[in-house]
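By letter and in written order, the chains are A, B and C; residue numbering begins at 1 in each of them.
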Amino acid sequence: MKRRNFVAGIVCAGLLAGNMGFAALAQTPEASPVAGVKTGESVKAMLLPKFLGISVFDQANKGAQEAAKELGSQPPDFVGPTAENSVAGQIEFMTNAPTGGYQVVMLSNNAGEQIAPAAEAAQAAGTKVVTWDSPIPDAKGESFFVAQVDFNETGKVMADMALNILGEQGGEFAILSASPDAANQNAWIAAMQEALKDPKYANLKLLEIVYGDDESEKSYTQAQALISKYPDMKLIMAPTSVGIVSAAKAVQDEGLCDDIKVSGLGAPDEMEAYTLNGCAPEFALWSFVDLGYLTYYASYLLVTGQIEAKDGQTFTAGRMGEYTITKDPTRPDVDALRILMGPFSIYNKDNVKEAAAALKS
Amino acid sequence: MARELLRRLRSWEGLLFVLLLVVLAYNIARVPNFLTVTNQVNLFQLGIEKAIVVLVMTFVIISGEIDLSVASMMGLSAATAAYLFQSGVPMVVAILVALAVGAGFGLINGYFVAVVGLSSLAVTLAGYVGFRGLARLLVQDNSVGGFPEWFTDLGQKGLVGPLTLSILLFFILAIIGTIVLHFSGLGRLTYVIGNSAAVARYSGVSVVRTRLIIFTMSGFISALAGVLMAARLGAVRASTAEGFELDIITVVLLGGVSIFGGVGSMIGVLLSTYLVLNLRNGLVIAGVTGNTQTGIIGLLLILSVLVPNLANQAREWWRRRQADANARAPAEPVVEPTRSQAASG
Amino acid sequence: MSDAILRRIRPEQFREVILLIVTIGLLAFFATQIPDYFNARSVNRLTTGLAIPLVVAVGQVLVVLTRNIDLSVSSIVGLSAYMVGTMLTRDTGIPPIVAALAAMAIGLVLGVINGLIVAYGGVPAIIATLGTLALYRVALVEFSGARTVTTADLPAWLNDVPSATVASFANYDLRLTVAIALVVAILGQLTLRYLPFGRRLYAIGSNPDAARMAGLPAKRDVFTAFVICGTLSGLAGFMFLVRFGNITVTAAQGLELQVVAAVVVGGVNIFGGSGSMVGALLGVLLIEVLQQSLLRWAGMSEFVKDAILGLLILVAVTADTVILGRLREMWVRVRRRDQARAHEATMTDEGGLAHGA
């Protein structure tokens, strides 16, 4: 038995060494597997969301496919990790992108700074990295970030919605976020706390920030716990599309829609019922289809050398018109570039039905 | 000779070896740039921390226990090192403390299993929740980075040729692991305890001490893997290595180690490690989504046991039919070793 | 503990009592920390949270008793919740009972697959169900096409079911879903106690080889256990849909560990052969109390909770085991003393013929 294992081990080790040795001999020095492309040529692109199975990312993919078709390029590969393996999976895709011959990776980052070494390596090997929805915080390895809205403005919009709902007398509210590691939620919440310092919002009192990890059951339970914990709470602010519907359902199931309101960032088609019945009178979002479209357009122009990733570069993105690359004012400490899409759409009982219908069609 | 070869190929390791050849052949033929140095290094680098923990998990499972807390421990050690570094402690000291924390909590796990006599599933489940909680407590919702360059270089750059420290450590630990498991007293005790802790105790084996050593090592190696991961990624979050425990256990089981203990070999585990690394690499480069990758590995896990078992059943059924047909000369019943009967190792 | 009681009952039967004491201890502790801890609304929330893990735990106990495990339960819950949700979105006229049965049917099919692979394919349960845990989740992601099932598209009755109440006592409600879960648990306990199938599960788990030798239909029983576990997970999937309304591809992720934790804490031996539904119920209760109470503990920062939860699980399990161990020692001592007395008695009576008992 032992002898057999030993023989198998030697064979295995030999195979391994041979494999790596062969690789070492075959390719020194190594040519980059990423080919250059010119205007009008097809681009091999990867659209890498946080994970698959979330409707907003599919909407972004719809937009990206539309742009690729317009530009006469092959459709981008829409791949992503599983929800439970999001961080490691994104790093895996990023690291292997140059080997797979991808000219650009369009990333909605869920790995924080942890993906930076992989992104830098990809850039060094000739694969451009463009972020959308959620940037690489230290901007390392990132060509530029296509921002859906201004992150500082998000904070102000959330504060305004809270003020609108609670009125001049204000009141206590809590924030139900995604996970504590979600970079964009953290940025928005920080921006909101900054905005709240304005005396205009003096009557709004933030009780606590809790996390539902973007799972509907955990978000629901967290919302219930908030209701138990703070009898005087008037509002739950959830800057995540999963959190906001779960919070709205929890409040509705408790029969407390008259006392506690829900607001934040949410998808109109998911929020319609709660907005119409008064549980969530007002919330905001942007178009993910447009975000995907703009991201693909900018990425294509970058890869084909029609634009450069530098401050002041302007370009026209098909149906969406003209945009300019600027320094990212929401990340002042690092050397980051940004394309700002905007604007926010604020939804209430007057326009939610129409928006929901448009998304469902 | 040919028959002997065939018999060997029918063993668990043989099956894995054939599977590995198939995957390798596919990757070499179909995956662009598979054989480049960069890709071979990437192939190992991306799963290297899991591969390192797999080595020690093999000991844990062969001894008839389980450690669900390994991934949380990786997160905790990374968070400990990051927290200390951030509060001004020199990086080397921070790393040493993180490793000590790993060994310490491993020992605590071991104490509750070996001395108090709780089930390892319950104890390490508490660790799974609790260690992650401690990591969360240390770094909260921050991302801690800005480590000294020598530290991140160790994780990202080649130390000997293109081989990084993690890859070298993995090979060294794999060799040590193989020797300890198959050629040392501790290894023999691991098997004996895994086969029956009660028998081991009656025959004078120090079950308690062996278990303490194994769980302490599990904590220590997991902590080491966590620090290596911090170096590779250059930043630490409380969620570092979240969800790795199931991947790690999957690889060990695929390697032919019985979940009930006492059975398995390091060679099988190394083969399955290399197999899964190759599979992942090929699938990612081919642009296969994470869900499908997970599905394929899940399917492989089931089929690798199911197909040989069914083949055996079919063969036995056929033999019995033959035997019935010429009842005058009944064939010898030959029992093939099946996975569930656990006859390898 | 008086000797008289110890003479009558074996310490293993105290297991549930000990768990109950530990749980009550925890409740008492949290009551001192959280103001208005026992108000009706909060208690209702806590009990409602029990329903889903309890139903899955009942199925899991059947499987674990046979020295197997089903890790795929969370994917079954997610997949059946999603599929039935989609079904109801397309045709809002489907009556509740049909929807529930459909969810159970989906769970049954998935349970049959598990059962076939484990019982007849000879694949160790942990390998088989680790595999199907991944595969069923993949099926969910593929099936969903990234659409979320939302409450708004579901029939109106689904909104009323979560707050539907069977009985009410001064605002303390027994919700319909909880009542169903309790009925499932009671049926499970009765099955284990009185049906030959239930008794056989213990025999198979205690010693699979002996059970086979004795001619028990071990394969069929293991298969049945997996099928029941799958079906109950399907039912839990329906409850999940009812309770949370919004179903994404991550639905119920991680539930498998919560349920296994509850079952283990509830004193069911993970290597088969011993345990009860009452224990599982108490295990589910204990974990749920811990989780919910930590969430409501106002002085407690969001970042400390998991560390405390881990510690409390360890404390609960240790307390349980240590108390049980003590009781067993006392039991053995009482037994020995009684035996010794009986022995002395027989020695004097019959001149030392009887040896040991």
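In the analysis below, contacts are C-beta pairs under 8 Å (C-beta built on N, C-alpha and C of every residue); 3 or more make two chains touch, one makes a residue touch a chain.
Predicted model only: the values in this text are computed from it and were never measured.
Peer 1: Name whichever of A-C and B-C has more C-beta pairs touching across its two chains.
Peer 2: B-C
Peer 1: With centres defined as the mean of C-alpha atoms, identify the chain lying farthest from subunit C.
Peer 2: A
Peer 1: Let me have the rounded angstrom distance from the C-alpha centre of subunit A over to the C-alpha centre of subunit B, please.
Peer 2: So the centroids are 33 Å from each other.
Peer 1: Using the average of all C-alpha atoms in each chain as its centre, how far is it in Å between subunit B and subunit C?
Peer 2: 29
Peer 1: Between subunit A and subunit C, tell me the centre distance in angstrom, where each centre is the average of that chain's C-alpha atoms.
Peer 2: Measuring from centre to centre gives 37 Å for this pair.
Peer 1: Pull out every residue in subunit B that's touching 2 or more other chains.
Peer 2: 136, 140-141, 291, 294
Peer 1: When you check subunit A against every other chain, which residues touch at least two of them?
Peer 2: 52-53, 82, 84, 180
Peer 1: Two or more other chains touching the same residue: where does that happen in subunit C?
Peer 2: 137, 141, 303 - these are the residues of subunit C that touch more than one other chain.
Peer 1: In their shared complex, at which residues does subunit B touch subunit C?
Peer 2: 68, 112, 116-119, 121-123, 125-134, 136-137, 140-141, 246, 249-250, 253-254, 258-260, 291-292, 294-295, 297-299, 301-302, 305-306, 309-310, 313, 338-340
Peer 1: Note which residues of subunit C are touching subunit A in the complex, please.
Peer 2: It is residues 41-42, 45, 49, 137, 140-141, 144-148, 150-152, 159, 162-163, 240, 243-254, 291-292, 295-296, 298, 302-303 of subunit C that touch subunit A.
Peer 1: List the residues on subunit A that touch subunit B in their complex, please.
Peer 2: For subunit A paired with subunit B, touching residues are 1-2, 4-6, 8-9, 11-12, 15-16, 19-20, 22-24, 26-28, 30, 33, 46, 51-53, 77, 79-82, 84-85, 87-89, 91-93, 95-96, 98-101, 111-117, 125, 137-138, 179-181, 183, 186.
Peer 1: Spell out the residues on subunit A that touch subunit C in their complex, using ranges where they run on.
Peer 2: 52-55, 57-58, 82-84, 180, 208-211, 214-217, 220-222, 224-225, 228-229, 242, 245-246, 249, 252-255, 269-270, 272-274
Peer 1: If you look only at subunit C, which of its residues touch subunit B in the complex?
Peer 2: 117, 121-124, 126-128, 130-135, 137-138, 141-142, 257, 260-261, 264-265, 269-271, 303-311, 313-314, 317-318, 321-322, 325
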